[in-house]
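Below is the structure I would like to discuss, written out as structure tokens.
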Amino acid sequence: MGIITLTTDFGLQDAYVAAMKGVILSLNPDARILDVSHQVEPQNIQQAAFLLGETCHYFPADTIHLAVVDPGVGSGRRGIILSTPGGLFIGPDNGLFSYALSPYLPKITSDLLPAEGLLKLDLPRGVEAFQISNPAFWLNPVSTTFHGRDIFAPAAAYVSLGTPLSEFGPRLSWIYAFHLPGPEIAADGSFTGHVVYIDHFGNLITDITPRMLPSDKSIGLEILGRTIYGLCQNYTQASGLLAVIGSSGRLEIALQGGSAAGLLSARPGDCFHLSILTSPKG
Amino acid sequence: MGIITLTTDFGLQDAYVAAMKGVILSLNPDARILDVSHQVEPQNIQQAAFLLGETCHYFPADTIHLAVVDPGVGSGRRGIILSTPGGLFIGPDNGLFSYALSPYLPKITSDLLPAEGLLKLDLPRGVEAFQISNPAFWLNPVSTTFHGRDIFAPAAAYVSLGTPLSEFGPRLSWIYAFHLPGPEIAADGSFTGHVVYIDHFGNLITDITPRMLPSDKSIGLEILGRTIYGLCQNYTQASGLLAVIGSSGRLEIALQGGSAAGLLSARPGDCFHLSILTSPKG
Amino acid sequence: MGIITLTTDFGLQDAYVAAMKGVILSLNPDARILDVSHQVEPQNIQQAAFLLGETCHYFPADTIHLAVVDPGVGSGRRGIILSTPGGLFIGPDNGLFSYALSPYLPKITSDLLPAEGLLKLDLPRGVEAFQISNPAFWLNPVSTTFHGRDIFAPAAAYVSLGTPLSEFGPRLSWIYAFHLPGPEIAADGSFTGHVVYIDHFGNLITDITPRMLPSDKSIGLEILGRTIYGLCQNYTQASGLLAVIGSSGRLEIALQGGSAAGLLSARPGDCFHLSILTSPKG
């Protein structure tokens, strides 16, 4: 009850995040505000969407997730409230909630979504969306450059107070989402996978999940000129580069005691080749 | 009730901020503590003062704003509690609250305040100040180097518990404040403005406010060898450098999709020339 | 009641810390979560242990301190809950709580602990430890790489709800601790001291405490080619390098208005020579 998380690209130096929190607490003094991350790269919607998707299901299902990475602020882009079985989401309609929505969209694949740009995604059963267009719930005056403070933070506060979502604006039948990276499968059963995120430790988080891999055979992985054989159970089982099923339920490439990203000069979006070995596992 | 914000130059690596929070919660377990910023440049009082001034009015009026950028800690500088219609402020008497006080000081201009150094500012009606000099409210022992933890944090906790301000020490008739930057107006109606803050996105926030500008004429702005014509409504209306009235109600210089500060190698304190064009607006 | 602090090397960019907070709040919606630091250098257990030891005694004695710097995650290392008169501690059994335990271990000296590696430390009176081995209190499934989220965060939440510690696993008679740095005393009464931590301001925090120093004589200190004479009372009493008893009750080497670490290119572990001068103090 009353938990509001914040995900932004505002950084921690400026007072933008504090202003949003002040607005929320001025409207709902009982709100509980938690930070997901404010260190999203400026205007990197994909990165914020990934972080939100990785985190939201660890919070109570009535949590309000407020996310503001908003290069189009003040232009025509819509502000939205999204209600899902796993939480409420508030922010600009620019793809920020693509990963958070994916559990309710089993068919969201590279077939459905274009590789570039945004798709109009029809909302699945159990998910509702409303535009935030009723100025009765905005700060007055509204700046043209900081809707996080003037429109989205008040919306989160009013939702946490129990305001019906339909009061914020018209119901929407679709919102924008972007392509979620997924591996390409070749005729020989090997994969071209992608680095989707690089964490603070330099671990490379990929779009490969365990159910894509055979349980009885080992793997070989070629990335940026290096080769890794086999899956480890944790970060201590190998020296040097290793592959492991990480805490996000995705294959990760890590370096024991160091940064795999630093060693490989890897970046999000980098490809790698993963083949199933004929030798048995272990 | 019971909201305490923190603004310091302590950074987030060390445990100094956590120690202050522990002290507050040990005295008032119901206090709600929020961070404004701990990434103020070491000993940059002006920067902290600006951040606090931009933020404090978004919080409830009974919020306690605790600010510690304190190069003079342990010397003779006073500790103060300031009560204003917009909030309570606690910290060293070194100018930290100059911006927060400005709404109550319509005459605080470059005429009143020296360009360098601190002015003894007589407190206006509605604003009260008390010295923090009663050791009954200090941690014991008090360090000579961390009054944030040993004197100011306890003061904030006791104020949040309802302790009358007069118990902390004698009432003060003046506190120190510094010059708030303001543009110089030339005989031809043009301005020399100043960059007062550079945010995380590289936006240059200036000392020009909309009411200084004619509503029916356009502007030309020269800064660090570049020229900008006209005001945009948001960050998406122009490619390249642009000027916009930002979320702080000040003219900002921004770069669409990038960092204006990076492009211009700009720094706080940089000047620019703003002229009113004879051509009509738009 | 219900305060949980977090100390990790997870940084603030990723969503790992938020996931831990979500897990805690899902189990105990009334928990109050505070950050000590998430900017510990990756896998630097000593640094995290120092920060926790400096901070924990400023929190209420029933605070739960959750610390996760865990290079051995998923291997055989134990997870533990430690109950002390000054707080509860939860995390991996890898020395993280060495400083926090030191007030209860007057004899923890370089004689007791080896200079390198971990010692099996028998728990003193008043301190209890339990292994965290009962999967009833774990998330399901448990990842092999993020016990902070899947094992330690739930443990903290259940402890905050009043679950008896003995339900988490067997009582332990010893835990691992590491050598706490201490100065070496030469035959002439001089010391070889060590830099144990360098803070955000570039202050060098050492292993010299005031009671090691004579109250009536001055000191001379040689570090990295520079010499400092005498102790200052605060950071403003000398220009250039100075020595002061800092807020942690340890001798600090600081630079007035600058970074001593930057000037000296100092690092944690650096030695210095401290001699007692024959001239009287002052």
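Note that the chains take the letters A, B and C in the order they are written out, and that residue 1 is the start of every chain.
As a convention for this text, a residue touches a chain if its C-beta (ideal position, glycine included) is under 8 Å from a C-beta of that chain, and two chains touch if they have at least 3 such contacts.
None of the values given here were measured: they were computed from a predicted structure.
Of all residue numbers used at the contact between subunit B and subunit C, under half are used by both chains, marking a mostly different-residue interface.
Superposing subunit A on subunit B by their CA atoms means rotating through 120 degrees, a value rounded to the nearest 5. Between the CA-based centres of subunit B and subunit C the separation comes to 33 Å, rounded to the whole angstrom. For subunit C, the set of residues touching two or more other chains reads 12.
On the side of subunit B, the complex with subunit A involves touching residues 1, 3, 5, 12, 32, 34-40, 51-52, 54-56, 58-60, 63, 199-201, 233-237, 244-247, 249, 252, 257, 259. Listing the residues of subunit A that touch subunit B in their complex gives 10-16, 18-19, 21-23, 25-26, 29, 33, 42-43, 71-75, 143-146, 149-150.
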